[in-house]
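Below are two complexes that have chain A in common, paired first with chain B and then with chain C.
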Partner chain A sequence: MSGRELMAFRIGAQEFCVDIMAVREIRGFTPATPLPQSPSYVRGVINLRGAVLPIIDLAARLGFGTSETSARHVIMVVQVGQQAIGLLVDAVSDILTVSGDAVQPTPDVASEMAKSFVRGVLAIDGRMISLITLDNVLPALESEAA
Partner chain B sequence: MDPMAAIRETFFQECEEQLAELESGLLAIEAGDSDPETVNAVFRAVHSIKGGAGAFSLDDLVRFAHVFETTLDHVRAGRLAATPETLKVMLRAADILSDLVRAAREGTAVDEARCAALADELRALDPNGGVEEEDDLSDLNFQPVLVQLDGLDDLDDFELTSDPRHVFHIKFKPRPSLYAKANEAALVLRDLRELGELKVACDASDLPHLTEIDPEGAYLCWDMELTTDKDETAVREVFEFVAWDCDLEITQEGAEGAASGADADAEVAALLALVRGADQNDGEPVSAGVTESAMTGATEEPPAAQVVPLPVKQAAKAAEGELKAASPTIRVDLDRVDRLINLVGELVINQAMLSQRVLEAGLARASAVAVGLDELEQLTREIQDSVMAIRAQPVKSVFQRMPRLVREIAAITGKSVRLVTDGEATEVDKTVIERLADPLTHMIRNAIDHGLESPEKRIAAGKPEEGLVRLSALHRSGRIVIEVSDDGAGINRPRVKSIAVEKGLIAADAQLSDDEIDNLIFLPGFSTASEISDISGRGVGMDVVKRSIQALGGRISIASRPGHGSTFTMSLPLTLAVLDGMVVTVAGQTLVVPLTAIVETLQPKDSEVHGLGDNARVISIRNKFTPLIDVGRELSYRASAADPMASVALLVETEGGGRSALLVDAIQGQRQVVIKSLEANYQHVPGIAAATILGDGRVALILDVDAVVATSRVEPAFFDDAMAAVG
Partner chain C sequence: MLSTNLTISKKIAVAFGCVLFIVATTSIFVFGAVRRAETAAKAYGQANQVIADFERAIATQFDESHVVRGYLLTNGVARHAMLYHKDVQEFARHLGEARAHAAGNPAMLAELDKLETANINWRHEIGDKEIALGHDPKTLPDAIAIARSAHSSEMMKAFRAVAADARAKFHAWADAAHDSEANTMWFMQLSQIIGTLLALMVAVIAGYQLSRRIAFPIRILNNCMKALADGNTRVDIPRMGEGDEISEMVDMVQTFKTNAIEKDRLEAEAAERRRQAEEERVRQEIETQKYIDAHNRFVGAITGALERLSEGDLTCRMSEAFSEEYEKIRANFNVSADKLQQVMMSVAANTHAIRSGSTEIAVAADDLSRRTEQQAASLEETAAALGEITSTVRKTANGATHAREVVSVAKSDAEKGSGVVRRAITAMSGIEKSSQQIGQIIGVIDEIAFQTNLLALNAGVEAARAGDAGRGFAVVASEVRALAQRSAEAAKEIKGLISASTAQVEEGVDLVAETGKALERIFTQVAEIDTIVSEIATSAQDQATGLQEVNTAVTQMDQVTQQNAAMVEESTAASHTLSLESEELTKLVGRFRVGEHGASQGDQVVAMRGGGKSTPRPALKTVAQRGSAKPQVRQQQDEWEEF
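Moving on to the complex of A and B:
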């Protein structure tokens, strides 16, 4: 069985990864235009070559608290369904090639974040890397009803 | 895509164009246009539809189009006068034809009874009524029956003179276009030879001196004598593909005599002259076909079915060829145009960014780089305008649908209505046009159903029995203004008010100005019809209209004079891709306010701002108190209220016609911005209409003025509450 490629990145002390096919590009951090009446994890929107790209502070989204942005932060532009979204993360660390059975089921913990985003964990060189799904990173539409 | 499906799709697209041509032609004739070319155009439209439909075996369509075409041919030949009654039937026939086309396109069923009834009506118009059988015989040859009868009269002559072998004299002179289309005269001659015995003489007298010769010109001409047992149709078939690119004369030996025999009949002579006249317009020689049909009708077996479609195809092609020659166009997928528009939008932004960077770099304005950039800016603007022009279309395409609607509603309501349209050539973005059709339909319905009185009431009021609905379009200060007006009774204000009270939309003792009462009809759920008719729907009329116009960034207003009628005026942006905006600063953020919403800007003075209630403020503008809305607080950019004295107020008009003052920190300037969707990658944000990218490359949000005003009302008044629900 051929390997699966994953993009690993770091938020605080934890490591995460997403399927590399979802990642379109990686950019340096640029200040975003804040959107009124949006959840705190929505940083705002930036101009990505003419398209308006929403920036999600992934740390805040996963419940770690808002990031203090610095020039070292990066934006991972990912494709979720028809939409392109920018994910603000601390750093991109690695590209992993793993076989399908290397992904272990998510340990049963109480964390709400783990339940809604983590789809499995990987053990790489003694580190634990969580494989996350991007389906729910944008705020649900109901909460936005005017 | 399946190639056949693609061709089919093209056929239907062309059908739409032909139908539009048909309807506008009929309307022109109705309006007194007696130009024979108009009749020809109408005829060709039906003819082309029939020809295409035949190719796709759309039998219902072919059958109806055929009947229609026969009637039109009578008009074309002057045998049937284009009276108003005749034209009414024909316009209805055009409606049925378009129904049939739609049914064929979507594969849905059609009202066969209605088609059959109208086909009968058309036949009833036939001056030769009851000769349908003969008509079927000659089928698509659309030659008048009269000729055939004369042929029968001359039956004896024919039997004496006719020979199973015909001798044709053919003069064939190709034009340069024949060769340009990769046809070859030699191949045509070879095909002719297969029909029988062929004698060819080449006439090279036109051949110029070698130094003057145009290598792509056509100088040769052939005189031929063909002896064949085939009829003339078969001979013409050989020239089918080159008929429009050559001068062709085919004469048949012996046919002259027969024709001259028939010429004795003055009527036939007149008819032939008419047909010849029509030929000159068509550029297609049919006159020989007349004699031909006379002969075959008389001497040989009835024309075989396979012979019949040929002239149809030829004529259809001829019509098509003419259309193309008239205005060379190409069909382009709308997506491609949109992509181009998007790219040009990027280009404009990028160019602005570049200019800004150059300025920041401290280069002098007169430096070569700056001058070059100025030129670049002009070019990009020009490109942008041209690209926008690709999407611009005359409103004609929407206006054209209205006459039919008017006819149908007039028939249902039993009112007599005349629709006058004006400014059909006014151009506006295609998206705007597409989304204009529904609101316009609603408004025209309303104008006829509610606006116009019944004929009896009109006569009683001393007005002409026929009601007038006027639809006009014009450009005014960068927007398109569309007016729908009627000369009916105007808004019945006491009734509108009582209904509004009844439905709880206003308080019973509310004091409203005439304007305010008129605007009540835009409230959701308001319907003035005492009974719900199937025309104007279930009271979802004007508020839906208003909402769709607003969704287009437009405004709608009403003016009404009791007894004289009402006028609805819509003002719409010419394009949905760019917007004129005022760039403002609010709590450190840059926002764009659509310029169309702004009435004036002012610097509030301490004495003008008054508190009202616990945290609301109003500003007095020329002694009128207007709500003062702090945009920064409304959008939660800041918690505390801004100091009005250190701010600028934008007096805005909302769609309801109400006014509010928006408080912003500062005005940066005015700019045309490219509208970018927030929904594409994110979702709708309350209070924000869209986003744009400014010269510095950053995203700025475009304020949704109506939404901000609507949400700012903490304790809305009765009237405004309803208005807020609309916005």
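Moving on to the complex of A and C:
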């Protein structure tokens, strides 16, 4: 078994990755329509081939502050449970093919909150890539899932 | 009758006016009388005509009564009745004519009306009835009864009375008109006679007065004037006429008389003056003879004195006394001789001075001649030096002209350089524009690479979803992604290069602009240099021209100096001649006898001059010495002027 495939992306100088099977599609950035009374990390919604797609600013969600969007930003459409959401990231780096033991667990120094977002950390070729779990990206979804 | 203070013409006019007035008045009276006589004659004629018509009417009335009787006698023959009617018409016609003639006279017309009434009454009462009854034989006796009746005769008698009364009145009118005519004629004749007599009387009186007041005085004046013309100034002229021409003529004749008396008086005075003048002339001739004698004596004396003077004896004086008018001349002569003697002494003294002066002049002229030659030599050298300077300046001018040409070439080059710089700036901006376009294209390529990368990632996602079946596809996708990344990197590199190139181009544009400004400054400076060099060239040209003029002037000076040198030679010769002449003059002056005093003075002056000359002195001091000599000369001139 060659292991699993991961989609690596960047937020600022940091690299993250998600399971490729959760990724549905990758798109260039299009301006989102803001939703009233929404949390700060929710950018709004966009029209994806007739379906309403909520956009989450992942940087804001992860606590790095709101992203300054540009044409080079990328929206990663991911499937979380039954819900498709768009994650706003700075850039998509590449598709990683890693063995299962390459993913090291998150150190204990991180809080529980951090652990709820980061499932593990990959150290490949001198790079440090955090594996993001998408379950807690949307709190509402979390409750729904529970 | 005629006032005395009227002019003659007015007097005559008044006389004739009176006569004419009387004649005109008489004529007016006569004219009025004639008019009245004419009226009376007309009334008389009218009355006579009315009487004639009246008489015819009465005759017709009687004829009517006769015809009626005839009618009754012939027992109503129709012819008589016709005659009766004819007579009635005839009566009416005659009466109408009488009325026509009596028109304008109501009294006559009234009488005629009465007559007509009587006639109509008779015809109504008698005539018409008898004619009407006589027509029928049965009534004929009634008619005869009427004819025989007393009424018939009364009616006829009444008619006769009316007719007689009217006739008497008409005749009375006719007589009155005739009498009036006769009276008027008499008055007319009387007026004529009285008027004529009055006119004759006035004419006679006027003639007498005119002859008394005009002709008589004129005759008297005529006699007076004849007497005056014959030279009788004692004739008495009576006063005549007052305020008219006669009195004026009297005044004139009186004036003629006064003038004649005055003329006689003036002739007598003139004769007296001629006599006095003749006496005066004789007396003057005697005095003139006396003058001539004294004059001859004086002329003899003065001729002798003047002869001595002409021989050079200035000591000669006139000692003899003359009459007082010549005494002044004698005194003047003596004073003149004194002055002449003094002057001659001065001349003798000055002649010595002139002789020594002329000798000095000769020496000075020699000096002057030598210095003039030196001056001529110096001038020639100056002229040569000036020629050299002139050629140098001309070279400078040529150099300046050449510099100006070079500078103008530099100016045009600088102008061309700024044009090139402008073109370079344009080219640089073109490069800048191209770089921008390249940048845009690179952006497009970068975008394509980005999109390709996304597509490749999606492809990778799909391949991962496909599991083992998508493995090959995943490889292709990763290759495509690698290509996309390479192209993105290449684009990024090109972008960096382009931005670097753009920056360099901008720098180049700035540098070129600065070069342009520098060139502009160079251009301005070159223009300034051009102006300055032009000025230098012009100045050099002017200098050359000025130097040429100076050269000409120096040449002229040279010539003038040469001429001066020649003239100095001449003046030197003249000064030598002058000293010889002054020697001669001294000899000539020595011929005058002026007494001992003057000769010694002249020697003194000569001695002084000789002392002055003996001291050696520099050339410049000669002027000072001459200056000191001047006052003495001035003094002598003053003496001459006084003389």
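One rule holds for everything that comes next: the second predicted complex is superposed on the first by the 135 of 146 C-alpha atoms of A that agree within 3 Å, B and C clash if a C-alpha of one lies under 4 Å from a C-alpha of the other, contacts with A are read in each partner's own complex, and residues count from 1 in each chain.
Heads up, the rule we're going with is that contacts are C-beta pairs under 8 Å (C-beta built on N, C-alpha and C of every residue); 3 or more make two chains touch, one makes a residue touch a chain.
Bear in mind the structure is a predicted one, so any value in this text is a computation, not a measurement.
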item: Clash or fit (per the criteria above) of chain B with chain C on chain A; value: fit
item: Touching partner for A:47 - first (chain B), second (chain C), both, neither; value: first
item: First (chain B), second (chain C), both or neither touched by A:98; value: neither
item: First (chain B), second (chain C), both or neither touched by A:85; value: first
item: Superposed model, chain A: greater residue contact from chain B or chain C; value: B
item: Partner chain(s) touched by A:113 [first = chain B, second = chain C, both, neither]; value: neither
item: First, second, both or neither for A:34, with chain B first and chain C second; value: first
item: Angular separation of chain B and chain C about chain A, which is computed from CA centres of the superposed model and rounded to the nearest 10 °; value: 100
item: Which of chain B and chain C A:138 touches, first, second, both or neither; value: first
item: Superposed arrangement (fit on chain A Cα atoms) - minimum chain B/chain C Cα distance in Å; value: 20
item: Contact residues of chain A, present in both the chain B and the chain C interface; value: none
item: Residues of chain B defined as touching chain A within the complex; value: 342, 345-346, 349, 589-590, 635-637, 676-678, 680-688, 691, 693, 697-701, 707, 711
item: Residue ranges of chain A touching chain B (in the complex, touch as defined); value: 31-38, 44-47, 49-54, 83-85, 138-139, 141, 144, 146
item: Of chain A, residues touching chain C in the complex; value: 5, 7, 20-21, 23-28, 71-72, 74, 92, 94-95
item: Residues of chain C defined as touching chain A within the complex; value: 447, 450-451, 453-454, 457-458, 460-461, 464-465, 474, 478, 481
